[in-house]
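As written, the chains take the letters A, B, C and D, and residue 1 is the first residue of each chain.
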Amino acid sequence: MNVGLYHYLLLGAILFATGVAAVVTRRNAIGVLIGVELILNAANINLVGFSRFSGGLDAQVFALFVIVLAAAEAAVALAIILQLFDKRTDVDVDRASSLRG
Amino acid sequence: MVPDLGNLLSRFGAETLLALAIPAILLADLVPGRGRRGANATAVGLLALVAALLLVLFQGSSDGAILTKLLVADGLAKVFRVLAIGTGIVAALAALRWGDAERGRAEFFVCLIGAVLGACLTAAANDLAMLYIAIETLSIGGYLLAGFRKARVEGSEAALKYVIFGAVSSGAMLYGMSLLYGFAGTATLTTPAGTSFASLEGASGAAAGQPAFLVAVVLVFAGLAYKVAAAPFQFWCPDVYEGAPTSVAAFLAVASKGAGFAAILRFVGAVTAGTTPDVTATAGDVRTILLVMALVTMTIGNVAALRQNNAKRLLAYSAIAHAGYLLLGVAVTTAEGATAVVFYMAVYLFMTLSAFYMVGLVEKQTGRADLDAFEGLGFRAPVLGVCMAVALIGLTGLPPTAGFAGKLFLLQQVFEYGGEHDSMLFFWGGVIALLNTVVSLGYYAKFLKVMYLCDLERMPKGPFAFAGVDKGLVLALTVPVLLFGLAFAGLYDVASELARGIFVAAGGR
Amino acid sequence: MTMAETLPSYVPWILFLPAIGAVVQQVLGPRLPRKGDFVVVGTMAASLVLSVAAMLAWAKLPPGHYFAASWKWFELAGGITFEMGMVVDGLTAALLCVVTIVATLVFLYSTAYMKGDPRYHRFFFWLSFFGVSMLVLTLADNLLMLFIGWELVGLCSYKLIGFWSEDLANAEAAKKAFITTRVGDVGMLIGIMILYKQCGTLHIGEIFHAVKGGAFGGQEGLLTLAGVGLFFGAVGKSAQFPLHVWLPDAMAGPTPVSALIHAATMVAAGVYLSARMFPLFTPDALGFIAWTGGITAFVGAIIAVSQTDIKKVLAYSTISQLGYMILGVGVGAPWAAMFHLCTHAMFKACLFLGSGSVIHAMHHAQDLKDMGGLRAKMPVTFWTFVISTLALAGIPATSGFMSKDAILLQALHEHRYVLFVLGFGVAFLTAFYMTRLVWLCFMGKPKNEEKFSHAHESPLVMIAPLVILAGFTPWIFWGHFPEKFFGTPAYFESHPDFEHVQAAYIAPGAGAPDHDHPWYFQLLAYTTGGLGLALGIGLFLSGRRDEKSRLLPGPLHELSVHKFHMDEMYLDGVVAAGNALADRSSWVDAKVVDGAVNVSGAVSLFIGDASGDADQMVVDGAVNLTADVAEGAGAMVATAQTGRIRNYVTAALGLTAVAVVIIVFVL
Amino acid sequence: MNLLTITIFLPVAGLLALLFTKDGKQARWVGMFGALATFVLSTFVLFKSVNLEPSEYALTSDVAWITLGKFDVHYRIGVDGLSGILIFLTGLLAFAAALASWNIEKGTRGYWAMFLLLHTGIIGTFASLDLFLFYVFWEVMLLPMYFLIGVWGGPRRIYASIKFFLYTLFGSIFLLAGILVIYFAVTSDPAFRGNAFSIPDLTAYAQQARGAGGILANYGANAGLVANLVFWGMFVAFAVKVPVFPFHTWLPDAHVEAPTPISVILAGILLKLGGYGMLRINFPFFPGVMKDAAFWIGLLGVINIVYGALVAMAQTDFKKMVAYSSVSHMGFCLLGFAAMTPEGLNGAILQLFNHGTISGLLFLVVGVVYDRAHHRDLNRFGGLLWKMPVYGTIATIAMFASLGLPALSGFWGEFLAFVGSYKTTYYEGAKLITLIATLGLVFTAAYYLRAIQRVFLGKTNPAYESFPDATTRERVAMIALLVPTIFLGIYPKPLIAVYQPAVDAIRLLVG
């Protein structure tokens, strides 16, 4: 059976679901970042799938940009997590809750 | 159609200038200057911002020309770009005066200009991809600025929350965009010929009819809602505003919210355009979603603000509430609705900036940001006291101020829509919005109470020592609030002219 | 046919002169010699002269004619005008003369009685203002002006009763008088409202015209209600049962006030109103009036027997006599009621002024236990007192006899035998308690030597009025009075087919069919007064009885001493209930309405600190609704703001998922 | 320049002058001059508003203010009999209140600035014939009042001022909603020629648009429901001000805490704005809805009268008692409005004016005794009449006027309201309502006489032996309000003649 658009979208959806699950359950900031990356890549899969089946290379270009931005975002996020780390010896997301109410 | 350089420069000179400014600042910082470290970086930064503002104002960029499918230089883009750069300048000045940027002037300006660039591009984006890129630039700039003051641990906590929440939301948005791309087969929001996004048929048949289309739209709304801090994506807002330096908070409250609304207007315009029956059906659903989102947002913002005792958190919730009011204008999806949003955004800019600036001043003077720091401000700093009072009265939406005019137009649209389409939902929506105004009086009056109604004897003595520059800036920000309050016809005309392009494709009413 | 003549030009001056006197007294009073009392007395005397002139002018008119004039007071949209007018006919002429005579004499009397009082000039201002109000009430040709005079008279009575209100008891008495009469006025206002709605006008003549023209159509009950409403005003003002409780306490005022207001004029206003509005009263309204009058007469007489204060006895006697007059109206003889009003005004004023002269002589001692044997010391007062007592007791050949019997005769003709017997019983009691009073006051041995030694005859200016008033009691003076003044129902003749009016107004012997005087009526009329007198003298001649002794059989005495327990009933019942209701509503207002409806709790929430006093906070927190809503929602949102990023993201995405589900399945 | 515009904006000129005067004495004189000038100008306005035709306006001026396509708001002002007398009342009370604010020491400049701004708001509201302008002036009044009570008030002033602000704002949002809905419904009707905000045009339009929703005929399918909602919404906005029964709880707090002169203005004028608003906007715009609403308004009126009087009876604080008496007296206006008969309407409008002078006078009276004894507990006073004869006499006359004694102006309002309300056939049940209302007379007499007795009669409380009688300043202020009370009591014709055309107009439009 050959791979159709439907399969691409299915994979995208699965990736999206796991990404969201990762973000929601992980207590470690890095884990959350991994979840975010998964979500972004799920979108990439979709884009590639559509571009493959309905022609037009724009989606491919779009996916490239997404990859670049994902990298930038990851870098910035890691920098911030690092900053938090040297102040508070751990990267537990739940502990960082002094701002509330 | 290869974009000729001349056309790009003539329309988007400002953006190109800002983009070039970033490396220029870094280079300038290397040159050992006489003054304090980073003096010339600051100079270059400020110069770039001012120049960009002038370029946007005077370049004939509001003739609706669409460039390379990605950017559109119409009135809407113009007003929000002016707004973004203007706020950037004010935030820069504030940061310099309050020492928010002490850790590294150059780095501060790089992030700020990056964010301003992102904001300008978001306002002008006419393509899903471009929109995502612009929003990401703006957000990344914002994450860094939020955590700029290393000294205080809240700064980094705020940045962390901002980055995680931002990443997740934009991720969801991107996923929504990818699905939309699948439906429409193209990522361009409005093609030059005016046929818009929703009416096209993508790879999987007619777009607008299927429920999945609406799901994708909601997902995209997620990202946009995060940007303007509308429900259910407003959780980050109070914590980030409290943790971030006040100047950055001001920038986020105005510039990023403005850019976000520009994007929402354009996106909703594209999604609801088209006259085919299933397009108008989905358009109806989109309007209902937007209205519900607006009412929930404003109610959460107003009600939660009642309990706040920290000035910055209170203004954060007030910003959420105002996002709710603005969404009302978007929900009616009419040209006048867009005009009302643009008008309200302009008025909101002056009121919020002057309120934030005052909070910053008091915080710098007393080191505290809670309400009691404002004790007897009305009597100890009469001029600024009156300015703060005018800003607060404007935010509440009482007549002599422009805030009232802004709310008036938004409400007029809602009631008009209620009558036009016999939908009691919009009629009651208008009434709920009005009730929210009363609730909002509650927390704005708290400020007035502390400033004026305190016990004159027990009040801490000694007037506030505010520098002339600060007074001048606050006055400059507050005078328009009163001026437009009395004569807002001019501003309204400008706003309607600028918002002409939006929703036209949607066949008007 | 009745014809309205144009009012003689001097008639309005009857009213304006005392008004000017009052204003001059108020403004220049203190600076004038003798504190300006001569201004007030002079203007009232002038008004008396003009009144007599008006009466004579009216008398010359052919029967059925009367003077009238009215001026437009103000005009409302829709062509509705309110006029003020004056009318001089039988009723007014008589009352004008009575009021002005008694007023002039009392003013004269007061110059001596009130000498040396620190607020002497203020007293005369209020006397003069009272005169003006009474004249407004008398001359009024429409219910609005009458109502205005009615309430102003109430104000003056409040001010004069509470003249010495350094002592709170007097102030309390004044308040009681005003509020009780105010209750009556409310009834009157209801009557006026009904009449205005049905007849569209307040002018008395036009009202009768409209009522005859069927304004009330079939609604007989409504006309009765209107009649009873107006009468309720009279009950309040003329101290009829059950609103009579204020008159005895009104004796707290100076005696000239009691004489003028609470004997002759003001209390008579109720009778005058009933007589004036007589055509309106339907048969069952007349029944109600008759019985009210009867009961009041009886109650007044019973209580008067056991009173120990000289003025209280006279007060209850006045209540009783007023009951008589109202009975007269009730049984369909308004002319007899007015006749009794005029005669009663004269001798009751004389009695009060006499008692005033006694009190003045005994240095403000009002209690009978200090008096006795004053006959020798105060001969003129004594004799005028005795003559007036004879008139009051209804001894033949006195004015009282003629007017009282006219009423009882009419009661007989109306076959109201119970009231007829009651009437004569009251006549007997009146003679009895008056003898007791005269005996305890003037006869027998002086009980309080120290006061008795000081006693002396009052100065001439106090004695003269006594003599003049006593002069009015012999019958010869009143011979033709009834037919002359009330012979023709002038004011109503324009409505020939008011049958019951026509008959009611024709006094005996004035060309109307002669009312036969059955033999038993003659017997009763001539003997009751004498019997009462004899019993009184007999009981007290032996000297063994004093003012405390029981003169009435068993239960009656107990009722009499405790004044039928009316005061307690009011204090514990009506007044207590009013205050309780007020306190209850005040609690409801502060706690429930303030709490539930408004945002008082929210307001304190907005202030952020408990700056409201504790009570406000405690209750508002517990009771109110809107504040909880705002606070609850706020709390809900704030708790969602846990500070932990994962909660934020879960909440955000969760809500979006919910939205998606709704969209897909619902929309 | 139009006389009316000068009258409206003269206080603002005074306000600007205050910016340059020093605090203390100078500020007081500028404020006083402003108040006096307002009083003089208001008398001119009154003379100008005499014998006009029904729904004809004098001193009109119509300047385009905001024109955005159909949304064209005009600075449209004008005065007819009704607003003429109320503007005159504003001027009179401004003069009396200015005299009474002579001894305000704390922050004099701010006080007088707010005092003058308040009057611009009030006179502007009475004069405006444009819905938008009416709403703007209506809100402009809120702020100065908030500060006047909040800064210069008594111990619980903050609570009282915020409560006042919240209540009135809560009311006014329904007014705004109504204005917007009317604006939309009217502009979307092609037949409508006039300006969508001008009150005269809208009332004319409401006359001939007798459809389901009346003026809102083309507000879509549920026009009938929306018309009712908007009518009752606007009624709530004005009812909060009147105040009407459930919304009255702010009045006692605001009065108790407000300084004396502000209480005079609050009771004298602000309560009348509610009544005026109803007569000018609420009823003429929805004649159809008014017909069925009349019963409820009458019912609320009688509740106001009896309930207000009862609660007043239980008060021990002098000022709170007078505040609740205002609630009770305003009930008569509602009774008169509901009746819609010539006598009823005249009674209501007379009550609006006379209650203004009388309650203003009563608050001055309370102020005089408060300045001396520094407390307002009725039970602790006694026998003041003997020590302060002039003051005592004026106070007693004021109280008798308030309980509706004839020959004093309070009587006419109540008498005509009673007669008019009983006579009306505008709604069923009027007779029973009026009969119950007469109970109010007895309760009112009870609590006023008790107050007179406790404060003025009886033995003089030794603590108050040394009280000086009313000073000339206080006397002038009180006499200024006493003269109309007595004169209009005896001869009300001049006042009645002034606003008769307005009554004609209202009866034509609504009756």
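Methods note: contacts are C-beta pairs under 8 Å (C-beta built on N, C-alpha and C of every residue); 3 or more make two chains touch, one makes a residue touch a chain.
Here the structure is a predicted model, which is why all the values come from computation and not from measurement.
J.: Specify the chain most distant from chain B by Cα centroid.
T.: Here the answer is chain C, farthest from chain B.
J.: Which one of the chains is closest to the middle, using the mean of its C-alpha atoms?
T.: Answer by centroid distance: D.
J.: Give me the two chains with the most inter-chain contact pairs.
T.: Top of the contact-pair ranking: C-D.
J.: Report the inter-centroid distance (CA atoms only) between chain C and chain D in whole Å.
T.: Measuring from centre to centre gives 37 Å for this pair.
J.: At what distance in angstrom does the C-alpha mean of chain D lie from that of chain A?
T.: Distance between chain centres, rounded to whole Å: 65 Å.
J.: Rounded to a whole Å, what is the gap between the Cα centroids of chain A and chain B?
T.: Their C-alpha centroids are separated by 26 Å.
J.: So how far apart, in whole Å, are chain B and chain D when each is placed at the average of its C-alpha atoms?
T.: 43
J.: Two or more other chains touching the same residue: where does that happen in chain A?
T.: 20, 23, 32, 93, 96-101
J.: Chain C: which residues touch two or more other chains?
T.: If we look for residues of chain C contacting two or more partner chains, we find 602, 606-607, 638, 641, 643, 645, 649, 653.
J.: Please set out, as single numbers or ranges, the residues of chain B touching at least two other chains.
T.: 160-161, 164, 168, 172, 238-239, 307, 442, 445, 449 - these are the residues of chain B that touch more than one other chain.
J.: Report the complete set of touching chain pairs.
T.: A-B, A-C, B-C, B-D, C-D
J.: Inside the complex, what are the residues of chain D that reach chain B?
T.: Within the complex, chain D contacts chain B at residues 66-68, 71, 106-107, 135-136, 139-140, 142-143, 146-147, 150-151, 157-158, 161-162, 165-166, 169-170, 173-174, 176-177, 180-181, 183-185, 188, 218-222, 225-226.
J.: What does chain C use to touch chain B in their complex?
T.: Contact set of chain C toward chain B: 602, 605-608, 630-631, 633-635, 637-638, 640-641, 643, 645, 647-649, 651-653, 655-656, 659-660, 663-664, 667.
J.: For a test of understanding, state which residues of chain C touch chain D in their complex under the given definition.
T.: 73-78, 80, 144, 147-148, 151-152, 155, 158, 162, 165-168, 171-172, 175, 178-179, 182-183, 185-186, 189-190, 192-194, 196-197, 578-579, 581-583, 585-586, 589, 593-594, 597-600, 602-604, 606-607, 611-613, 616
J.: Flag every residue of chain B that touches chain D in the complex, lowest number first.
T.: 379, 393, 398-400, 404, 408, 411-412, 415-416, 418-422, 424, 427, 430-431, 434-435, 437-438, 441-442, 445, 448-449, 452-453, 456, 487-489, 492-493, 496
J.: Within the complex, which stretch of chain A touches chain C?
T.: 20, 23-24, 27, 32, 93-94, 96-101
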